[in-house]
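Could you have a look at this structure, given as structure tokens, before my questions?
Chain lettering (A, B, C, D and E) follows the sequence in which the chains are written, and residue indices restart at 1 in each chain.
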């Protein structure tokens, strides 16, 4: 029988992948994609939790998270485009405006 | 039987069919590559210039698509339940649509949909 | 549900006028603003009829939760009972008439969207105030109407004087509001609820179980609330803002500063009458303040020349009557006077507005006179208004004012002084109102040639509402005819308000006189005194001002020179406040600003900022600006936190 | 394992269902494979007819020419045996995957169409749509929204700026028209109250006046326009615009890969035609003959009735396929800005208003019916 | 048994795809793996009877959001990353190790702590009886989550406006280009 632990471990793994992507990829687009991975890990937890607990709130949450993810992707990518136009690169090694 | 089993079967068959079609020529057809043949096709004229940067309009279209896509999904959900929600549901969805329509009007006014 | 539409329409009007239709023509904003109110009135009428048809039992309409923190609950609930139902009709009904009228009054203005937006918002806030089922919702409305009043007084804000008047109204009201807030806090502290319906149940059912501490608290609560009422209803010593508030457009004066907002204090006390009954000492204070205010303002009004100022002081004086009514425990009489006053004072203000428009925005009565020929309709309705306010037998003011004076007299020996003050104020009222009428409409016209040429009756948009109000002013008095007069139905209004006014059994003895029987002769006598006083002073005024400022008026003025000067300068109250409150406060504020704020606080803040800059500059070599470095630090932090959480 | 045991296993309920679904899927796949050749033939003969010429009529089997029907078969064989040329600088992996996206999405969607009413096989109720889900409607949208990858990836992988531009145009067009497409079908969900396509067909009954096209005519018109735009067909075929973009996103694809794109495009057209027939024209319902009557006419033989329904659906779909061809040779091509503003500035608001009006009408009618 | 097989198949696919998303050097390839990832997740959702969410996952996530990523990748026309391998500095290796260890610990703890198994009223059968997954989700969304739903529309509105404002700036001053920061 597949228990919720299986799903949680899978979600943790996805989240780990997302985190590592955010931390170690230099391409902003990749960073955003890694964030999508992390969001999906959370979604997985919500859906499996919804099944475990026998209510639909988790699924509704997934719905909202997808909405938020869409908005996040839209605005985030717009910022990537704006950055690219201004600095000609999306490599975070070269984007260090906050440097002290 | 789980209703998703056929989905898996079709997925496998479809990907298999696509894979066969995609790989068929590799095995069946002749292979005599040469430089000229492999040039990207530009009506016989030598390729000039780098790949152009595409207009940001495509991006704007895609972002609008996402946002309205979500709206459509909400609408599907509502269309399923509208009989039981009654006038309350209609009011709810009208508020939702009015807000999004405001965004739509902004988009049109801002000229994000002008292709010129 | 219809009920919500009543609240919704004014809000919608305010929203559309204020935010959407800023570029629309004045006609559009007028029609929109008036339509919102008429719609609200129609729905209010339907709701009211349904409510009364169902027996007129108080009902609580549940709205949304607002504050829900532990035991403190303040939901947006609304109460619909006979009192708020009546207020609903007054606000939306008279409000509609004034909105219609305002279109005519304001039609030369450019940006009327602002005006109508504020006016609609005011009505919404007033409805909140009246309908709210707990003190906090009422407080929102209370502050909301204060805000709208401020905005509307300063409507012509280019003129510094108007802006200052708005500011004054706002600041003086703040003092009252502190009292009101204190009252709310105390109420919650001692009764653990701020809902009117719950409070009422608690007091009336468990009335006997109230312990001494609570009884004492009620005294303070009612006193604090009364301070709030003093601010809003312009009682001594916080009345000073109301005369200055006349700087706003006349419809505003009529709606806000005569008919509705200023009665909020009376409304609040009536809503909480069960509390006030429990605090006889507060009641004594209330009655005294009311009576003193009534006379005080009436005397000032005797010598004013500005037509709106006269009406303003008269409003203060009439509000004093209402407060007196509440103070002697005759809440229904107070509210009844509120009702009739709303009608005739709105009428008088709008009539005065009509005169002002005809006079090209001149308000000085010394330049008027003889307007009867030019403005027959306005003259006629003003005549009715004046007769109503001075208590001419048969018109509304007669019934309502008499009821209050009668109750004051029968309130017991301790209230005879208040009765005396009230009766004296009534005499003054007849004098200055008749003076106003004579100076404005009779005698020779004293205006300059240019103005005279353009004198004409105003448009139907303006005199239409006036006629309606005149009919109301003449007629509504018959809703509460005393027993001694021959009339088919007596004291209808008092019976109507019966369920709202409830004396807690604990103090029933103290207020027994409210229900006691008195000899008719006594009542005749009291009424006679008022009517004779009214008649004498009216005749006196007519003879003095039959042709402008006649010899009699001038000679009287020179004989009582010093008295006249004191009265014209409003007893130097403003100067007194200025010297003893405003100037010291300003000095303290200057000190706080120049020394405490600029030197000490700014010094600390800037110092901290500079220190941060310094430390930041020193440590910024560690700041690579790399997104990933930041992310890593974050992750390390999260992992640490999670470990702490788990172990 | 003996024969008897095998039969026992095979006759268990689950096994019947599984076998039945595999059979159904294979039938649908074979059916889909027939669509492109037939359509190619139709697209050659129809303009020939319109332009008073003969069109291809030579290729035949022995002495039978079959109106040149076998020309398509010959083309297919030729395509498969051609040499494959992968352009230099192309991303090989993506270049090879792109056609797969097209094929499997098209196939999957084709399997979600109800081709007939449920029938009984060995006492088991078997649905005649190979993929039968409660959320069938959403499934179709979800899968067909993946089709855009075929176009995008193909254009990007070929390392050719015209291909890339063509693919961007095509995919922007597809996603733009996905919104009005969805919007045009929501009123139907409101009217029939289900996302299950077979239930929708049942709700429409056999009588044309209760079909979707009568109940939601504006929806149908919107859907019709979206059908053309979604498949990049004339008059919206400017993503291929030969004169500016050579041939759009599949310029660099040849031999069997080109055949794969061809296949997926025509299957997509077929699926949309079937969907139009299902949602707006009563699907497998035989016009004027309710299913029960049909069943009793055929002596209670369910499979015959199902066959009749299947034929009905195919005829209805064939009509729309014909419309595709007809329109292609009738209307001129749009400009790209016209295309976009038609989609966003006209179809979207009209779809919204249509939805609101339909909803209000339905709500009023149902309220009136309740009292 | 079947359930476990399905889970194992999808889970391993998801694991592989997730790793490929962050490991592949080419953004387009990453995006393709992301699509695969999302598709497999939809499969898992479907196996958990969350039909509607599964459909939405494919429709919105795979069919719209990743398309947007694709568009941007093509718009910017980036080549694959130039570096042959990830350049990881010494402190970063420490963080990498710490992160992985931290997640392993969390994963282990999740396995140890048995969930309390509270079972709500809406089991799969109950949902089917109540009118199907889509219908029930809809009812929950439009009644209990009424305000979040309306707020979602505000969020989408803001996203529309923000995206257009940020992306649609036409002119770039030359001075700005010169300020290009170097690492």
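Keep this in mind: contacts are C-beta pairs under 8 Å (C-beta built on N, C-alpha and C of every residue); 3 or more make two chains touch, one makes a residue touch a chain.
Since this is a predicted model, take the numbers as computed values, not measurements.
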What are the chains that chain B and chain D both touch?
E
Which of A-E and B-E has more C-beta pairs touching across its chains
A-E
Distance from chain B to chain A - Cα centre to Cα centre, in angstrom:
21
Can you compute the centre-to-centre distance for chain A and chain D, using the mean CA position of each chain? Integer Å is fine.
34
If you average the CA atoms of chain C and of chain E, how many Å lie between those two points?
59
State, to the nearest whole Å, the distance from the C-alpha centre of chain A to the C-alpha centre of chain C.
57
So which stretches of chain D touch two or more other chains?
97, 133-134, 138, 164, 168, 172, 175, 195
Note the residues in chain E that touch 2 or more other chains, in rising order.
52, 56, 59-60, 63-65, 67-68, 71-76, 92, 95, 99, 106, 134, 137, 141, 152, 156, 159-160, 163-164, 167, 181, 183
At which residue positions does chain A touch at least two other chains?
19, 23-24, 26, 66-67, 70-71, 73-74, 77-78, 81, 93, 95-97, 99
In the complex, the residues of chain A that touch chain B are 66-67, 70-71, 73-74, 77-78, 81
Chain D contact footprint on chain E (complex, rising order)
26, 28-29, 32, 35, 42, 51-52, 55-56, 58-59, 62-64, 67, 70-71, 73-74, 132-134
Over in the complex, which chain E residues touch chain B? Could you list them?
2, 43, 46-47, 52, 56, 59-60, 63-65, 67-68, 71-72, 74-77, 134-135, 137-139, 141-143, 146, 149-150, 152-154, 156-157, 159-161, 163-164, 167-168
Which of the residues in chain B come into contact with chain D in the complex?
1, 3-7, 9-11, 13-15, 17-19, 21-26, 28-33, 35, 37-43, 51-52, 54, 57-58, 61-62, 64-65, 68-69, 72, 75-76, 79-80, 82-83, 86-87, 90, 94, 97, 101, 104, 108, 113-116
Quick one: in the complex, what on chain D touches chain B?
14, 17-18, 21-22, 24-25, 29, 80-89, 96-97, 99-108, 111, 130-134, 137-138, 158-165, 168, 172, 175-176, 178-179, 182-183, 186-187, 189-190, 193-195, 246, 251-252, 255-257, 259-260, 263, 336-337, 340-341, 344-345, 348-349, 352, 355-356, 359-360, 363, 366
